[in-house]
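The two complexes that follow have chain A in common; it is paired with chain B in the first and with chain C in the second.
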Partner chain A sequence: MYELLIFLTLLILGYSFGQISERRHYRSIIEREKQTLWMPVMTLKTVPPQITRCHTQLVSGNVVISIDFFKKFVAGLRSLFGGRLQSYESLLDRARREAILRMKESALEIGAKVIINVRIETASISKSSSRNNGIGSVEVVAYGTALSV
Partner chain B sequence: MIITNLETVPGKSITRHYGLVQGNTIRAKHVGRDLMAGLKNIFGGELKGYTELLSESRQEATDRMIQQAHSLGANAVLNVRYSTSSITQGAAELYAYGTAVTVE
Partner chain C sequence: MGLPFRSDMKFVAKQIPEGINTSPDHPLKELLLLLTGASLLLAVVFIILMLLSDLLVRYIPEETERQWFSAARLSFLQQESPAEGMIAVEHDLARLVKQLNPPETDPARYSIRLIQSDTPNAFITPGGHIFVTTELLQLVNSENALSMVIAHEMAHQIHRHPIRSMGRGVVIAVALMMFTGVDGSEWVSDILANSIQLGLLAYSRDQEREADKTGLKLLTDYYGHASASSDFFAQISQHEKFSQSGLSEYLSTHPNTDERLLFLQQYESGEPGELIPLPDSITSFLDATAQAKSETATD
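Moving on, here comes the complex of A and B:
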């Protein structure tokens, strides 16, 4: 009985706090994406022809984001039947966009105009051998070459 | 020292080639951070402690790579790649590798 109560409390806590933090995060991502929209980020390896003399520097941005209890539970249920895990999709989407934004912000600090050859890498850092004890978190790192004129 | 993930340095030409240079570091999380991460796992959100830890370790791996390139006498490392792998539970390896060259 007590265990069920604790479980339900965790679910409710996870749902409410998780939703609040996700919405807040998306708001800040959209806001900052608008601010840095003028800076092109490309996966091409070649330097754009209009840039002739430039200084190159490696820039990177990383973020570790954790999933909340409610979403983890829903994903667990979902994996019984298969199909899209929407709760994980939004987690990874947020992490990637945040990592790219951080990379852009660090490029802004050194006065870059464009970032080329961007690579994005995803790793689950705390893969646990024992089930139910693992921390459902993901790390995303984005790195590229910033060109400043 | 020029560090880039391009295959050339714009406006410069490669004069000497020294081959692969690499740097790695393996970091374990400490208990306090793990505890906080466990709490965060209920509420969701960013794990700032881990973010810092990983970016510090990645910097260290990069520094080791640079040191190796330096000892070879190179002045640039091209085509840098990063990779992350979890070795055992609670530890992550961060690895940086690239090609050491001299550019002029």
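Moving on, here comes the complex of A and C:
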């Protein structure tokens, strides 16, 4: 009974704080994406032939977002049935967009206009969270070549 | 903005709409769906497993059960050299078992032991080993009342309750181990374990009722009446009201004392039958312990 109470408290805390921070994060992502929308981010490997003279510079952005207890529990239940881990989807979405935003922001700092050859890497949530007491988190690194004219 | 592109290759900034990489469903909706699904699935799996184990355990011959749980194998049966007077009491208890046992069955399916304990309790383990505590003897006033307690435990063995609940326990333990093994998050299995214990308690109440019924039949078959059959339970519920401690052990294995009291009392109504006093060995044993107690109290 005592354990159940602790569990419910953790679940409610995880849910409320997780939801609050997720909503706040999405608001900030959407706002910042609008501000940097003009800057093209491409996966082209080479400098486009249209660009004749430019400086190149490696820029990167990375982010680590932790899962909350609620998401972990829902994902644990989901593993009984299979299907989309909906509770983790928003985490990966947030992490990817935040990493690209941070990369763009560092490109802005050096006055770049375009980022090419963008690569995105991620670490899996489930591998790190299945280990006992491991903190499940999603880690995304975005990097690319910033071109400033 | 002065982007470094030729004018025939325009970059047009477009915002990608939301909700493509995430699910629009509310997270609580998913939790609710999954919880319902998981509990249904598990309920079905466990009910099937329990029914199967119940079905199969019946086919274990009593002789095999006795071999598995023979006194030679159970170390706790050999420990404890009985205090003075306890051997004589055990002889009389064995006599009661033989009396109550219907002639067509072998009385060797039971063994009975007296154990020193401050808790009034009687229980039976797989293999037909009945245990009666010394404190229980204090709470019975006649051979009939004591016989009812013993008959109740014998009835458990007649219905094969001990080995059946043991089989259920083994099956559930194995199933839980499988779930814990498959699923990494230990919280899920913890919750399941708790909910299953509640289910077991309800089941064992049915078994208690069954054992009361059969025990009552053994009692009336021998004595010809059911008088004093509720004595012990009346004493227990009396105790229950005064002291909360000490009885928890009996109550956890024999729930709902008041309910069975009513059940037994309805059989006692009518002509009260003749009560047989407790055997001499028990009364002298009780006197000796009472004396020993008062001596230590004066010291």
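In this text, the second predicted complex is superposed on the first by the 140 of 149 C-alpha atoms of A that agree within 3 Å, B and C clash if a C-alpha of one lies under 4 Å from a C-alpha of the other, contacts with A are read in each partner's own complex, and residues count from 1 in each chain.
Please note the rule applied: a residue touches a chain if its C-beta (ideal position, glycine included) is under 8 Å from a C-beta of that chain, and two chains touch if they have at least 3 such contacts.
Predicted, not measured: the structure shown is a model, and the values here were computed from it.
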item: When chain B and chain C are modelled together on chain A, clash or fit; value: fit
item: Centroid geometry (CA): angle chain B/chain A/chain C, rounded to a multiple of 10 degrees; value: 110
item: Which superposed partner A:Tyr143 touches (first chain B, second chain C, both, neither); value: first
item: Touched partner set for A:Pro40, first chain B, second chain C, both or neither; value: second
item: Touching partner for A:Ser90 - first (chain B), second (chain C), both, neither; value: second
item: Partner chain in contact with A:Glu31 - chain B first, chain C second, else both or neither; value: neither
item: First, second, both or neither for A:Glu109, with chain B first and chain C second; value: neither
item: Chain B versus chain C as contact partner of A:Cys54, first or second or both or neither; value: both
item: Chain B versus chain C as contact partner of A:Arg78, first or second or both or neither; value: second
item: Superposed arrangement (fit on chain A Cα atoms) - minimum chain B/chain C Cα distance in Å; value: 14
item: Overlap of the chain B and chain C footprints on chain A, listed as residue numbers; value: 51, 54, 71-72, 129-130, 147
item: Residues of chain A that touch chain C when the two form their complex; value: 1, 3-4, 7, 15, 19, 30, 33-34, 37-38, 40, 48, 50-51, 54, 70-81, 84, 86-87, 89-90, 92-93, 96, 113-114, 129-130, 147, 149
item: Chain B partner contacts - residues on chain A that touch it in the complex; value: 10, 13-14, 17-18, 21-22, 25, 45, 47, 51-54, 56-58, 60, 62-69, 71-72, 98, 116-117, 119, 121, 123-130, 135-137, 139, 141, 143-145, 147
item: Interface residues, chain C side, partner chain A - complex; value: 1-6, 9, 11, 13-15, 18, 21-23, 25, 27-28, 30-31, 34-35, 37-38, 41, 182-185, 187-188, 190-191, 194
item: Parts of chain B lying in touch with chain A, wherever the complex brings them together; value: 2-7, 9-11, 29, 34, 37-38, 40-47, 50-51, 54-55, 58, 80-86, 89-90, 92
